[in-house]
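Here's the structure we're looking at; comments come further down.
The letters A, B and C name the chains in turn, as written, and every chain counts its residues from 1.
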């Protein structure tokens, strides 16, 4: 079963990585000459042209592409213009912070959304349902970074309870994790409610009720497991979105993750860092898909066998 | 489990289920109540099978579900008397209902796949009843579940416990459903159209199982069905419902012999019967051999083979053989009946003749010309009536545009000509002219199918394919549509291919019969030859599976000296059954 | 959100109450549409709120509000009118350059609405064409398009947009292009899936038996049955795109001064959070209200047009 999922991963990974590398190359090529950003202000035009030649940027596109691909395949992911060192370690250094934030945000999201969604579905059209649905729409409508700013305003500036930027302690994690977590909780709660309602309307739930077994078994055993499948899909999509570095939220909280690195790399047109970041994120996306596949198989025997 | 003695007379005995003046109403969103069933009187005794029969909207399923309180959330139930195995259903709370379900009443639903939980094993789904209703230990549960599955006629029951519903065929799933329903040893078994979703031959097996289970355990059975032949075959007593009310109840033989209500008589007249020739081949008409030789046939298939590629899973696709070297011919003006179980290739054949898919090899000749060759026949000479009258009509088009669509854009009809043509077509199929400006969802099922027929006729075809044209319709509507098709066949001098899974109706309308099994023609001949002296075992199996709507000719029923006395037929019900 | 009783109670097939055919009413599209909107509380709230927002945006120039670009040293960091130091001329206060927050919010709405609607239209049309192509043609076109869609979906959307923005540039028109170039995949996927679903329905087979032209098949049979789903997704998508626009502008890659956008105002206000909270609070509320009303309207529209959608 894991082997099947692994086979799927490989078959999916190769074309996706290839297409991604092509897209990235085209975009970087179109973004134009990065040397403007690199040279000192007092350099001459001749200095700049020398640099262009040294980086091979005067070659025609297909030659540049071939060299780019052969570099990638030999494990050379280029050198950061602004850091002056190999780009890969720079990106990998930021990974732990992003992983930590992702995990924390998912914990917050699941802890809020799953119980709320189930409660709303079980008490359809009640006050609870209305509150959950309303909160979910509101959560979707609020811009993420604004929620972050408001949390900073309340807990950092007014109440002075929590640090507003940086990392290092558990307290630093709380505000960014809550900011991201509530945003995903809004989507997730709505989905949990919908898939729970859909499941509760299925014939086999009617069969379960007709057996005269306790309600909590009907819900906990018969309904939850079936309703979990779409929930897993969305959770994995959210994890993918977060792994990409919550660009804006990390910027707001000065969280030293991938997101912040990427935003800075884009400001400085540090193409090597952008390229490798996109690659690393794509690989992680594929890995998350792999994990999701395995979870599906654990839940649903129709996929397993 | 031992066979219990059948009591000679239930008189004085308490029924397992007794309803007096039972009603279910559903509050309307804008106030007021919508009655789903009204004034229903019903008794089911131990050791008897009561059939609750009716068309869609008759309230038969609502009546059955009310015994388990599996009604829509805000529906209200009321009755003068509603007793199930000694429990007053009117005064039960949630805990009481839970105690009642499973241990006093069990249920088998119509759809065998969707009624079983896809992610739990068979053993788990039976075992939880044994645990919660009978308190058996893990080991006892396994033994008892194995025993139950074996009693339901399932091979290798022990292994089945660890399998999932999707690994089982439809018939097997329905046996598992029955095992679940019987696991709590209930006094009443509800069977809600338990065989409607199954193929005919599987249907007979499942019915037989229900009858024998009832005989073995003495459980009272309430069988919900729309099919009079099922009623005749398995029921001891029958209750007929219409528009939420009970029309007639009584002993099944008496009701079939002398129905009191006109509606019941109408239903019995339309019920499927085994063609006489099956029982007595001597009555067969000799096929008129002479005209078969005359001229070229209108339609001829030569060695048609078709594979379908199933997209399947990630690793690759699977190819299935839908049609295997099919040859047949059809003379002008004749009707060819196409029979076979689901998956036998009937619809694939129809799709090829109509030109929706191309054969991999072989030729389809229409009037001597190859439909897929360079010199094409006039395609509009072949038209089709689809199975599902709803999905075969574009929901966003008006009837006028639907029925005139085959006339084509090239003909450049004016708006008025189009209207006029549509009105004529609607009249031809027995619909009022004003319906041309309606949308499909504003019509009933039968009306939609008439629109589908009108569309097919608009180009005056010579060959009309009817692909299960009535199987989505109610019994009485089915009869109307069949009659309409028969009339039009003469009026338009149509050659017809008739596909259906009801063998009796195929026999009634066809001249010749083709029997398909797994894409191969196993028998082809005059209807009386095929039905009277079938040569192929598959044909025999199909014919054996036809259920006769004759209670005196039941293949399942145990011989009983005395049937339980029919419950009183209330006079009030008689009054509410006007002539149709 | 909408409370329609008929959808929450699951009636078995058998219980469709008997309706005499003579009493089936012909459809009246416009009346049904309005009746449905009026009977849905949340849909109505969304529609009214959104109408108000659009109306205010359109009449920004004739409303009695301050000039959104007028700087003044004397009015810097004025709080909202209900606080001490607040003045009636600047009801929601002023920013660090003395500009009126209310006026800037009202003018900023324009950027949001323009970007939201144009980007959705552009990506919707692109996705519709490509989705139809992939779904109807299949084969190599389908394969290549779907690989491209997969790859773009494997890159987080925000990241992809930032990289595209490096190429295309910033400002209103480039921003619309950037968002559309990322967003089309959503529509391509939905349209392709819908084409594959509808293509197998019997009325399409009937149309093919009737030998209608391919254009007729698409225009009369496929599109009318696909568009409702696309319209619902597009409506909700306007909200998402407005949020995206504000994020990009917040990071400085979107709308550039002197054009006003809410994201940009939030970025400004963030610097003075400790002293002048109102600069970043009110644009956020405006943004939330706008997207909130769009979602309410979209949810109702989905219930009305296409109950199958999640």
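In this section, a residue touches a chain if its C-beta (ideal position, glycine included) is under 8 Å from a C-beta of that chain, and two chains touch if they have at least 3 such contacts.
Everything numeric in this text was worked out from a predicted model, so none of it was measured.
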Farthest chain relative to subunit A (centres taken as mean CA coordinates): B
Which of A-B and A-C has more C-beta pairs touching across its chains: A-C
Computed distance of Cα centres, subunit C from subunit B, in Å: 46
Length of the line joining the C-alpha centres of subunit A and subunit B, rounded to whole Å: 50
Between subunit C and subunit A, distance of the C-alpha-averaged centres to the nearest whole Å: 22
Shared-contact residues (touching 2 or more other chains) in subunit C: 8, 10
Residues on subunit C engaged by subunit B in the complex (per definition of touch): 4-6, 8-18, 21, 24-27, 201-203, 205-213, 216, 220-221, 224-225
Partner subunit C, residues of subunit B touching it in the complex: 26-29, 34, 36, 56-62, 65, 72-75, 243-244, 351, 354-356, 379-380, 383-384, 386-388, 391-397, 405-406, 408-409, 437-439, 441-444, 447, 452, 455
Residue ranges of subunit A in contact with subunit B within the complex: 7-8, 11, 202-204, 206-215, 217, 221-222, 225-226, 299-302, 305
Partner subunit A, residues of subunit C touching it in the complex: 1, 3, 8, 10, 147-148, 150-152, 154-159, 162-167, 239, 243, 246-247, 250-253, 263, 266, 269-270, 273-274, 277, 280-281, 283-284, 287-292, 294-296, 299, 310
Of subunit A, residues touching subunit C in the complex: 12, 15-16, 19-20, 23-24, 27-28, 30-32, 124-125, 133-134, 137-138, 140-146, 149-150, 152-153, 157, 191, 194-195, 201, 230, 240-241, 243-245, 247-248, 251-252, 262-263, 266-267, 269, 274, 277-278, 281-282, 285-286
